[in-house]
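Got a structure for you, questions after.
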Amino acid sequence: MKKLECILRPEKLEEIKDALNQLGFHGMTVSQVLGCGQQKGKTEFYRGAEININLLPKIKLELVVNDSEVEKLVDTIIEIARSGKIGDGKIFIYDVHDAIRIRTGERGESAITEF
Amino acid sequence: MKKVNKVAFCMFATLLIIIIGSLYPARADDFIETEKVTKAIDNIWVLLSAFLVFFMQAGFAMVEAGFTRAKNASNIVMKNLMDFAIGSIAFWLVGFALMFGKDMGGFVGTSGFFLKDNFEHLQLNIPLMSFLIFQTVFAATAATIVSGAMAERTKFIAYCLYSAAISLLIYPIVGHWAWGGGWLSKMGFIDFAGSTVVHSVGGWAALIGAAMLGPRTGKYSKDGRVNAIPGHSITLAALGTFILWFGWFGFNPGSTLSGLDEKIGYIAINTNTAAAMGANAAMIFTWIKYKKPDVSMTLNGALAGLVAITAGCAAVNIIGSAIIGCLAGILVVISVEFIDKRLKIDDPVGAVSVHGVCGAFGTIMVGLFATETGLLYGGGIKQLLIQATGAAATFLWTCATIFVLFSIIKGTVGLRVSEEEEVEGLDVIEHGTTAYGDFVLKP
Amino acid sequence: MKKVNKVAFCMFATLLIIIIGSLYPARADDFIETEKVTKAIDNIWVLLSAFLVFFMQAGFAMVEAGFTRAKNASNIVMKNLMDFAIGSIAFWLVGFALMFGKDMGGFVGTSGFFLKDNFEHLQLNIPLMSFLIFQTVFAATAATIVSGAMAERTKFIAYCLYSAAISLLIYPIVGHWAWGGGWLSKMGFIDFAGSTVVHSVGGWAALIGAAMLGPRTGKYSKDGRVNAIPGHSITLAALGTFILWFGWFGFNPGSTLSGLDEKIGYIAINTNTAAAMGANAAMIFTWIKYKKPDVSMTLNGALAGLVAITAGCAAVNIIGSAIIGCLAGILVVISVEFIDKRLKIDDPVGAVSVHGVCGAFGTIMVGLFATETGLLYGGGIKQLLIQATGAAATFLWTCATIFVLFSIIKGTVGLRVSEEEEVEGLDVIEHGTTAYGDFVLKP
Amino acid sequence: MKKVNKVAFCMFATLLIIIIGSLYPARADDFIETEKVTKAIDNIWVLLSAFLVFFMQAGFAMVEAGFTRAKNASNIVMKNLMDFAIGSIAFWLVGFALMFGKDMGGFVGTSGFFLKDNFEHLQLNIPLMSFLIFQTVFAATAATIVSGAMAERTKFIAYCLYSAAISLLIYPIVGHWAWGGGWLSKMGFIDFAGSTVVHSVGGWAALIGAAMLGPRTGKYSKDGRVNAIPGHSITLAALGTFILWFGWFGFNPGSTLSGLDEKIGYIAINTNTAAAMGANAAMIFTWIKYKKPDVSMTLNGALAGLVAITAGCAAVNIIGSAIIGCLAGILVVISVEFIDKRLKIDDPVGAVSVHGVCGAFGTIMVGLFATETGLLYGGGIKQLLIQATGAAATFLWTCATIFVLFSIIKGTVGLRVSEEEEVEGLDVIEHGTTAYGDFVLKP
Amino acid sequence: MKKLECILRPEKLEEIKDALNQLGFHGMTVSQVLGCGQQKGKTEFYRGAEININLLPKIKLELVVNDSEVEKLVDTIIEIARSGKIGDGKIFIYDVHDAIRIRTGERGESAITEF
Amino acid sequence: MKKLECILRPEKLEEIKDALNQLGFHGMTVSQVLGCGQQKGKTEFYRGAEININLLPKIKLELVVNDSEVEKLVDTIIEIARSGKIGDGKIFIYDVHDAIRIRTGERGESAITEF
């Protein structure tokens, strides 16, 4: 199993979620993060003082999937998430040692298989 | 002293005063005193009412901010502040003259620009400045209604221009018709505190504005699905509703322009009853319709009751108020859905339904429920037709002028921010700030 | 007329009046004018006070929302809105008649249902409708106190039914006893603005309600540990407290029902002094007790001072006010702890302590501090006993009727949501919404 | 008297009046009545104004909380509550006597401590207690200004001590000079509602306080860079601004101390115009300067206009108000930047600029714009010099005494929390609580 | 070392924390996440428009532990976190390459050992 | 590639970010977490009831970097983040299987290389 950790633009979330659902992936975990990278934040004025907003709101989408499904998912996500402008984000892929479904105690791939 | 006695009095006055003059210096003071006292009572009543109406600006700001998203919250409160700030100046310099200057053809006032001429033709019992502040806060109420309907996507500069125009011209003209001695008032049109003059003008302007802007990004899916975009703070929206309700006790009872008028308590209870019934009706109706009592609709329901009773609060009785409020509470729910789902006009806070639809509705209801002239009290159909005429004329005038106005704005500075800007939020894009610096917000 | 002219005037009065008598029809108008003027002054005073008291609804909503969790915030503001909306109608139709209708046996009013009969026996100096709106906002205050104590676990339908019942019956009866010509008023019971009539009724109802509901899930561990469940917005709670304090200036001074009453300033300063001392005392007391000045308790302390002075605000002097406020500020802290830790009754906002306990306390203190009849001013023990009787009778009546009421509700629609629903939050479960759509909330 | 009785009345009038003429005890009552009525009108006007001014405390709390960080929000509202609670008591017992007691040398009042003596020398038309509550809420306004400038780093105990001292001594002395019959009032100093007496005192105290405290950790980088520390809720800040504006309608028009004064409407419109122009000017000025209209500065701009017009609201005309407000709106922006970037004094909410700078500015402008004595209206330079003297004397007195006060506090209980405590937030450290228990906050 | 990443129902957090403390595990890191899976969100009405709440609030609990302790922990967590209804959540297990205690600079297992 | 997952005191974030930028690392992802460990929370009183604040606010900083850069980064972070008092936090290091830059589709090390 692999974990896909995708750092994305917040406004893309809904669309990606829909696309994944259509591919049959319903399980995922989402969190708010702040990203820093080549995408430059804005310099704003607050009461006359400059303020550098260099931590930009991003979405982290975590998906644990079977090894065989990684490429298909990566392609789908890239397709939707890409705007071509700096700041589109990254996908990091990690090995997963094991997975357990709390409700049933199933382990391994069956823990992430839906019925 | 009654007027009928005046002639007789004058005839004997000379004689009397000669006799009592040297003996009785305080006597004349005493009359002055009485007049001064009644004037003072009217004056403080009107001023305190004006202050309450001013405070409604805070109510609007909170309701509109609460019902929209956090990323646009600074922008919406800024709009609420600025429409009042711009409107106050515009109304002082020009609007007041158009509304209350000497009548020309029943259509518009023509004197008193920059407050230069006198306004004796108004025969005010209160000082002119007190009247001006009272009218200013009313004008600002009409203006501020629109910001909610156009929230989350309107360019700030466009809104500022709109603000000036409505306070300068669009509102004062309707105001002149109904309250400044214009054709509607001559006809016998009853809009005691402004269901039509204030609220419908704001509401119809909101309708045209929201329609011309188009919906917020994400409001309607390509497949026609209507997506809800929940507001960011129901507590602030509720606070705003309470503030509005509170301010309405200045709006309606204050419109007597006299604290000596015994009806002020009557008007207050009518106002309150309609608001309560509006909330009750909206709650029950949404409970049945959606299986759960909808909080934001119930808040709208209270406001709907308030808007609807504003025209007739001095003309109908408490039962009439209850019925009008109750119907308004149901109507607002239907109207919100209709505008949202059928017309596909995106009005984030329900301003069109609350102020436009329920304002017109309440105005027309006076034709049924007015205890002196209403159809249900044997007054025949005349009042009803007059009411309908006033509501229709206001609708046409407002839609037409606002359409021209927004067309000009669209063609020059532009009406709407870009989609990218909308996604990022107006706070950052338009003002370089965020409303909630310390809070983690959802995507 | 200056006083120096008085002597001269008296000397010539007879002569003059004979001469001018027949020529001077305005004379009678002049009397009318004076009466009209004094009526108007009383009327605007009562109305503006009523508006301020109305605004306390916003204060309650903010305090209660602020002191409870974000997941129940829509529900709590909705309850605050609806108890007013339901109560306004219930009180108009029935409650007002029970409270102010013609007395039967000192126990209940029996005329004027649906406002049908006249209320001449009240000998009001203000129009009936003004009196009605003033009394309506008082009734709603009693009702709204309970929502805080029963917050975060009560079924919405149950709360709506309770609201109707307290405004319809439970409050008006006590109101009749003390203010409507009932047995307590005949006895000489002093509860000027309602420490007992309004606040204790609300507070004791809250006590029974919270006890019957049981504590919120997680409030008490199995091992008996008491867990704090902090509120979600101290800023809103503070805002609410300021609003309540503001509104109290209508509540107490307005209860003269007359703007001509010279005591209104005196009452205002007493009110303010007690509130200030309540806050000071609670701050210092918690500072000593918990090593840090507790914000939420200090907010409660200010309210405790306000509640406690409400009975005696026209009867005690400023020193008495300061002492009563100070003691109330300490008492409320002790009471909150006692109810929370000893009685293990879960009152999220401290409503029982603030309104019930401090209301009764303030009522009894009148027996000590009333400058005319109080024990400390040589008036003997009589007033004290009367005060205690009134407080006790109200306690018994309220507890008994509320117990029956909630038992019926429990047995029919049910009183409490399921544990699962409570965990998820009443906003989603009861209203299908969340109060803070854009914010990330803690688990 | 009903119309139907008129005929009958006229027939018997002559007869009756002859008979009752000499027997006419009501005659005297009638005078009393008139006096009572005018007193009552003044009384309710002053009281209602006082209530509005009290409500400004809520406004200050919201503005200050909104403009500072979430981790200090409980602390700031607590400070706002306690300066009022402490100040109310301190002013009653001592401050009021120093301000309005019998004058000694034009410098200080010397009678009436603990409200013991009489205050007949004030020749009040309203009851003393009404005057006291009005003056108390003014004193508290001066006190509360400081909390914003010293926010997010001041020890709570230090703030409590400061609160007592300013209400006890520092404010009442200046108050005596200008309003209590002291040297400034004798000189002809015009500060109608307190641009100098209230706002500058608060503003200059804030200046010294913020300077002595030093900036918040992280405000200035070692390399001299100025870092913005945005507030946590622009919606609350906007709400607070609306509340303050609302309360100012009590502050300025109420300062006539008489509802019979025909100027009250005039004062209200002047107040409103200056505020509106302040907001407009600040918006446009920041739009040009920073390319975007700054929300928090525009809110400050409205307040700047209000502060600046407070001195002259009864002396200048509407055009003068507009100009003063406009200049104040620009001045406040320049001043905020100057204090922040040049002086490197960290004033999180802009209190020094709004209240100190614009207060002094507005006071001096009276010398130019007063229609009776101002330079621009041909009154010569005299008034201008008097105004400058008053502003300067207040500056010196306040800075000197506040410096001594804070030096003593620093040397005893300490003025500032440790850096560690500051980082963690005053809510947890000073009060053991957090303001927003349920929300996830940013680092 | 292994990292246990547990997606849990929010209301279970306190109890699980207590249980882990009793087993002697005091170190852990918690964050708010939004989960999507077989558990269906509610369809609510907001002002008459349907609204699908399909991102449900969950808690992510991260624990870095020695390999030998994994099973004991998994059992404890499952026991408490299981309600038997869909949406109980998952445990994902990852390999940890190294751990460092910032305060002392200790590395490896001793970085997560308490004293 | 490795992922450094650093649990830090919130107030250190700015300084660490600056230091990393100076080392040439601009890419990172930050999130709010709540930490539990040997650092004891405070016992406060809320309305007279004791309240244990044992979940303390921490910052999680995630950095995906080349293997060769790990030690340099660890040293830099430790230097700034260390206060010496309990609660300074941890750095956990994980293997990263792959990384993808969404904007360009680049994979592996070049996905995290800046230009």
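So that you can tell them apart, the chains are marked A, B, C, D, E and F in the order they are listed, and the count of residues begins at 1 in each.
What we mean here is this: a contact is a pair of C-beta atoms (placed from the backbone, for glycine too) under 8 Å apart; a residue touches a chain by one contact, two chains touch by 3 or more.
Treat the numbers as computed from the prediction; the structure is a model and nothing was measured.
Just to be sure I understand: going only through chains that touch, what's the smallest number of steps from chain B to chain D?
1
Among the other chains, which touch chain A and chain C together?
Chains touching both chain A and chain C: B, D, E, F.
When the contact pairs of C-E are compared by residue number, which of B-E, A-D or D-F has over half in common?
When the contact pairs of C-E are compared with those in B-E, A-D or D-F, D-F matches.
At what distance in angstrom does the C-alpha mean of chain F lie from that of chain E?
The separation of the two C-alpha centroids amounts to 18 Å.
So the centre of each chain is just the mean of its C-alpha atoms; given that, what is the distance between chain C and chain F in Å?
Spacing between the chain centres: roughly 53 Å.
Where in chain E do residues touch two or more of the other chains?
30-32, 44-46, 94-95
Where in chain B do residues touch at least two different other chains?
In chain B, residues 30, 34, 37, 41, 44, 48, 230, 233, 239, 290, 292, 294, 296, 432-433, 436, 439-442 touch at least two other chains, as defined above.
Name the touching chain pairs, would you?
All touching pairs, sorted by chain label, are A-B, A-D, A-E, A-F, B-C, B-D, B-E, C-D, C-E, C-F, D-F, E-F.
Of all residues in chain F, which touch chain C in the complex?
44-51
Over in the complex, which chain B residues touch chain A? Could you list them?
218, 423, 428, 432-433, 440-443
With touch defined as at the start, can you tell me which chain D residues reach chain C in the complex?
1, 9-10, 13-14, 16-18, 21-22, 24, 27-28, 30-31, 33-34, 36-37, 39-41, 43-44, 46-48, 50-51, 54-55, 57-58, 61-62, 65, 73-75, 77-78, 80-82, 84-86, 88-89, 92, 115, 126-133, 136, 156, 233, 236, 239, 427, 430-440
Please name which positions on chain D make contact with chain B in the complex.
34, 37-38, 41, 44-45, 48, 52, 69-71, 230-235, 238-239, 241-243, 245-246, 249-250, 253, 259-260, 262, 264-266, 268-269, 272-273, 275-277, 279-280, 283, 290-296, 298-299, 302, 318, 322, 436, 439-442
If you look only at chain F, which of its residues touch chain E in the complex?
Interface residues on the chain F side: 2, 6-8, 31-38, 54-55, 58, 60, 74, 77-78, 81-95.
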